[in-house]
Amino acid sequence: MEIFYSILPDLIRMVVCAVCGAAIVFGNALVMGYAERKLAGHIMLRPGPMEVGFHGVYQLVVDGLKLMGKQLVVPKNADRPLFMLAPLLAFAPVFVPLLVIPFSDKIQGFDLDIGLLVILALASINLLAILIGGWSSNNKYSLFGAFRAVSQNVAYEIPMLLSLLSIIFMTNTFSLKGVVAAQSPVWFIVIQPLAFLIYLVAIVAETNRAPFDLPEAESELTAGFHTEYAGMSFSLFVLGEYANMFIVCSVATVFFLGGSSGIPLPYFEYSGIIWFLLKVYLLMFFLIWIRWTYPRTRFDQLMNFCWKYLIPFSLVNLIITVVMVKLL
Amino acid sequence: MKSYFSELFTGAWSLILGLKVTIKALFTPIVTCQYPREKLEITPNYRGHIDLVKFADTGTHKCITCGSCMRDCPSDCIVVDGEKREGVKGKALTVFTLDFTKCSLCGACVEVCPTKALDYSNEYELAGYAREDFHYDLLKRVEERE
Amino acid sequence: MDINQVKKQWQTLSTTIEDIDYAVSGHDYNICLERDKVRDFATLMLEEGFYLVDLMAVHVTPAIEVVYQFAHFETRCRVLARAFVDDNSEIATIADIYQGANWHEREARDLHGVVFVDHPYLFPLILAEEDVDLKPLLKKEGTLKDIDAVRRKPPEPAPEPKTKVKPEGAEAKPEAAKSQEQS
Amino acid sequence: MIVYRYLAEVLFYALVCLTFAGGIMAVRSKMLMHAVLGLAATLFGVAGLYFHLGSPFLAMMQILIYVGAVCIIIVLGVMLGNTPDQLAAKNLTGRSLPLALLACATGFISLFVATISRTEFSPAKEKVGDMSIEFVGENLLLQYCLAFELISVILLTAIIGAIILARGGREGKTS
Amino acid sequence: MAMDVETLEDSRHHRYVLNMGPQHPSTHGVLRILLELEGEYAMELLPVLGYGHRCHEKIAEHKPVKSFMPNTARMDYLGALIYNHGYAHLLEKAAGVEVPERAEYIRVITSELNRIQSHLLWYGAYLLDLGAFTPIMYAFDDREHILDILEDVTGSRLTYCYFRVGGVSKDIDDKFVTSTRAFIKRLRSRFPMYEDLVNGNIILQKRLNDVGELTPQLCARYGVTGPLLRGTGVDYDMRRAEPYSIYPQFDFEIPTETKGDCMASFLVRFREMEQSLRIIEQALDGLPEGPVMAAKVPKKLKIPAGDYNASVEAPRGELSYYLVSDGSDVPYRLKVRTPSYSNLSVVPEMCQGMLLSDVVSAMGALDLVIPEIDR
Amino acid sequence: MAEQKKSLLNIHSYSKECAERYDGADLQQTKTSDGPPLLQMKLTDAIFDLCRANSLWPLTFGLSCCAIEMMCSGMARFDLSRYGAEVFRPSPRQSDLMIVAGTVNRKMAPALVTLYEQMPAPRYVIAMGNCAVAGGPFAVEANYDVVLGVDKLIPVDVYIPGCPPRPEALIEGILQLQEQITGKRFPIPQNKMPEGV
Amino acid sequence: MMISANLNTYLIIAAVLLVIGIYGMVQHRSLIGILISSEFILNGASLNFMAFNKFVAPNPAVGQIYALFIMGIAAAEAAIAVSIIIAVYRKYQSEDPEELQDMKL
């Protein structure tokens, strides 16, 4: 009860955080959507969106508004309540993890000592949303997409957790701020490069992006789990996906890239956030880069890669870390 | 065990090579022709729909209403009709319509024309709100043309 | 594959074997089959390593003619085999020998209405199900020709050369065909 | 401060409502998928109650394990099982509703009357430690080490058993 | 391989049927495949054709033989010139028209350019099927150069109607020669890039190796030809096996692989592009002067009665035109043996027991052009 | 299972009802009802129209030859994405624009109508190529299968003739569609990627 | 006294969860339904543990640890149960417990 009451005064702060969270979610979707299309364009030797605003900067706004203006379709045989619920369930929980991410040493919603757990717990709800959405569409492609999403995400959660765990062993805290503080002389990417690589691969699978975008594999499952979703509900899924990307990249930044640490900029107290966002978007750029480079893997290969490479490597890495922590 | 690691490393190397290609492409100039703003130079040999040629010397077309284009057209999209006029040898052209929506641009009509009165136009940016937009009256077009 | 041996075996199965000029017709052998020997013939061809190029039907007067084309991967040997369907437009299937014939036969059924007996799955392939009776490639009355009208004429003793290299020859021939048809 | 207390109280009621609503949805809905969703709602509610009881750690674990794992396993089971419509239709009609209600009511009343209302629970005189994760972890690894190991053995057994069961079915079918 | 839907056992009802197409990104048009899946394994496949059926054979019986030329281009719009070539070849054979040598050279050059164009499109589209978005852009970028060259001489970008009975409709000029040479240089310089980006990629190799294995025997039973057959180790190419046009004059290899899987046909196609470049180079070097149209081609082309066959090597395999003539200028029956038709018919057997993703990659390896199948 | 497959096989038959429903019927009748969009206010309509016009996501729907030119116009040389139209969605639910690129035959017609009906309103149709406009080279006497113009089945907004049309023509068609939606001729702002960038 | 700070409140909630679980087990006609209901019973139990932990127990870690155990067991139980259900479904094509009459799978 005491903890609960001690947290209560922060309710106001929570509201502020929620507003900021919404800003991040939508802003990130706009930035990422635009960056993705523009970068994809230039990788493919074409300009990408050009005509809507200067170099097409309003393209994503326009797309978003258009999706809002579309007719809401619920397929005849779909399970109506669940069908409507799924995109909300995919979208709503992404706000909470944003609360615990330390954007700089001063900008953070809450510094919970279970920060990492909050992120992981809320991320699992997304999975439930995909499952429900895939099932309730009453479409076989959706169902396949949902199945693939689940098995892939469950499998890749293991190396992801294990690689994060080896950092946790070094820092002895779940608090993200604590993790950032622990890498003050040297970033963990230097000490734990293997964990970083494993985490990087795992988040590509966790966010269902190419080359691991099997749940929405276009050429196989038309549009995967959101085949039947149109307009607003579809855009909620997309927003959720981009927000998830942001979250996992933030976690990577916090755990491996020193969070908001960087050369402090003059005359700006909150320069940490600039560094933080820079690192996050650098990772995101990497995700975009590989998306437009590689073909899609096959499902069994994806799983094999997880079980044969990632999990053993992360386990070995974890054991070595534990031993080293004990010895040093 | 050796193959386990060697596969890992060759695989990783191949992935890096791919990344190199795309990052290089990211910084190469685009190849796009940004259509309404700049237009590709369309080859003069481009085959658009057919048109009656306006000859400079006569100031009009040279169709003699023989109808061989109409007969040779594999998809029956040309209608040619003429009437007997006084003082003119043969028939004078009164109707020459092309239903471009059925045309397959095979060029049979152009090749069969004994007076070379037909030629391909260079129009390629056609779009319209009704299919009737593309039922051309070539006779009218040739008169309107400069 | 020894072509002479194969020819011997063909002789047991077919009514006529005709060596034809590849340069003109694109085939090396023209074989007329009995209706009930089709399967044996196909088995033989498979054993000899031929592949099925095509299977089609031609609508001519005595009965619809089913044409099989075979070729060989290693040596140039294009074989044309024909057989007539019976009164119910039926003929034995070779789809279990040459699986590739499965679709060709279904197509022939679609377009000509030839029924291939014992075909594993004679369901409309190209046309929709309700168009089963359309049989679009059946000739209408008047355009339907006799089998002899579409057969290559044997070299006549007349000045006509066998190889029809000149277009003039091409124009002369059809008249003979027409007269034959009328008679 | 009192405002916050009331706010917390309202939150508490909301959580209880969520828990019960989820429960009713889980047992009364004909579609199994809705039942799972009801279960998920209940689990969220219970997680909130854990939060109220001063253990956000457990609340998060509840969401992580129950919603993230158990619910998803069950949803997978529902999808793979693919309940036929007629079974779904008679899902709640086949058995005697009054009997079930009666049994539950008697059970509940006897439980409530016999135990909860009669017993006097006396709080411990003094408390050792606090609710922090560090303390939980310490206890888990020192005092309750055996149980900790046992649970991992159980999980391992469960994984192996599940794999064997699920695989065996497929092979039996295709052969 | 009984595909009878009626007699499927009831006990299998934990399988379920997935309907792929007619609108599906990986069917390349309007193919429809009913997949019977067990988990993600396709246990039975039932292709349903006819969504692109355009009555070509019926139309052929209703108009003079020469007028069918534009239709051949629309049958296989990717290999339009090769289809033109086959048809012109057939008519020339049947009516005995001599083609001037220069025309044959032009035909070969443009046909081979067309083949490269087709292969490049396949290359891009196949990788799109496999989930890589970028290679198709690069491939199309190269392809546009071919289209520019061909458009300059034929007047259209895709459904060329360039060949005529007795020659080609328009002579090529120096611009064509120089731009073709420039293109050869360009494409050669692009191959290493493709090698890095695509061919060597571990993901691609993992996805293509050991998928959809064919054997020469299977190919014979189904009539599979083209790169798929050459992927099994049989060097059967109509340009060699039944030489037509002036192909015997050129020195080129027929690339073969032995495994017969998707990777084999992938490599065969990829290397065929290089061989086509070689042919074009030689043809450009030896390009003779002269007319491009036979002097005497009757306006009304009457084909002597009888049946005629002409086979050419289309990008997807053996293309045969079989013409039954009754002596008039309208074909009595024209049958087109399209390579994709036979190639696709192997799918039910080839893809049995495959993963859904593998079905997609196996079908991509067939390089399907649906209107060619449905005709 | 067998029944499932059987019924699936039958769904695309150009049955009598289907023929009555679509073929040659009055256009007004064939226009399947567009449900109201989610937000519909007079004030916002202009803005939404602008957004719709600049975010036409086409359906991945190639029928035959023209599909290749459609692909070409999405590729680097012509790049539809400059108008925000490069998002080729494989699912009709997420697409706004159906580019009927190629020949529609009687077997395809029901599927095409289904796809159109699956698209959420507001939706647009471009008939690309002569086959889709009027049957093209197949509009001959011997034809027994080709539907002569996709506007017999679904309402068409913009027609692009050609066999096949050049990619520029498709872009022009999209510009005309934008003009139809908003009443303005695009492109309004002059954004040209500088040369050599 | 706030109702949320009372041990009995939590005990009643837990009892209601238990009853819901029992009711569901009796009422549901599918194995999955029964599995779902059993989760309620487990949740009720762990809520009890947590309540006692909060209000009664001297060591505040014990209740949490017990709740964690229950979660672990629930996860294991769900995995096993679902795989059994799938196996049963494969065998009988049914999820109705009344139709499962053979002892041997």
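Letters A, B, C, D, E, F and G mark the chains as written, and numbering starts fresh at 1 in each.
The rule is simple: contacts are C-beta pairs under 8 Å (C-beta built on N, C-alpha and C of every residue); 3 or more make two chains touch, one makes a residue touch a chain.
Quantities reported herein were computed from a predicted structural model and do not represent experimental measurements.
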Chains touching chain C and chain F alike, please list them. E
Name the most central chain, where centre means the mean of Cα atoms. F
If you tally contacting C-beta pairs, which pair wins, C-E or E-F? C-E
Can you tell me which chain lies farthest from chain D, using the average of the Cα atoms as each chain's centre? C
In whole angstrom, what separates the CA-based centres of chain B and chain E? 24
Distance-wise, how many Å sit between the C-alpha centres of chain A and chain E, to the nearest whole number? 44
Would you kindly tell me how far, in whole Å, the mean C-alpha position of chain G lies from that of chain B? 72
Centroid of chain A to centroid of chain C, CA atoms only: how many Å? 64
For chain D, which residues are shared contacts with two or more other chains? 5, 8, 52-54, 57, 61, 69, 76, 78, 131, 170, 173
Chain G touches at least 2 other chains through residues 54, 89-90
Counting only residues that touch at least 2 other chains, which ones in chain A make the list? 1, 41, 43-47, 50, 218, 222, 292-294
Of all residues in chain E, those that touch chain F in their complex: 5-8, 10, 12-13, 15-17, 19, 22-25, 28-30, 32, 34, 36, 46, 48, 50-55, 58-59, 61-63, 70-71, 74, 77-78, 121, 125, 136-138, 140-141, 144, 147, 156-159, 370-371
Complex contacts: residues of chain F adjacent to chain B: 76-79, 82, 127, 130, 133-140, 149, 151, 157-163, 165-169, 171-173, 175-176, 180, 187, 190, 192-193, 195-197
Which bits of chain A are touching chain D when the two form their complex? 1-5, 8-9, 11, 79, 81-82, 85, 112-114, 117-118, 120-125, 127-128, 131-132, 135-136, 143, 146-147, 150, 154, 174
Listed in rising order, the residues of chain D that touch chain G in the complex are 5, 8-9, 12, 16, 19-20, 23-24, 26-27, 32, 35-36, 38-39, 42-43, 46, 49-50, 52-55, 57-58, 61-62, 65-66, 69-70, 73-74, 76-78, 80-83, 87, 90-92, 94-95, 97, 100-101, 103-104, 107-108, 111-112, 116-117, 121-131, 135-136, 138-140, 144, 147, 151, 154-155, 157-159, 161-163, 165-166, 168-170, 172-173
Contacts from chain D onto chain A in the complex sit at residues 1, 4-5, 7-8, 31, 33-34, 37, 40, 51-54, 56-57, 60-61, 63-64, 67-69, 71-72, 75-76, 78-79, 131-133
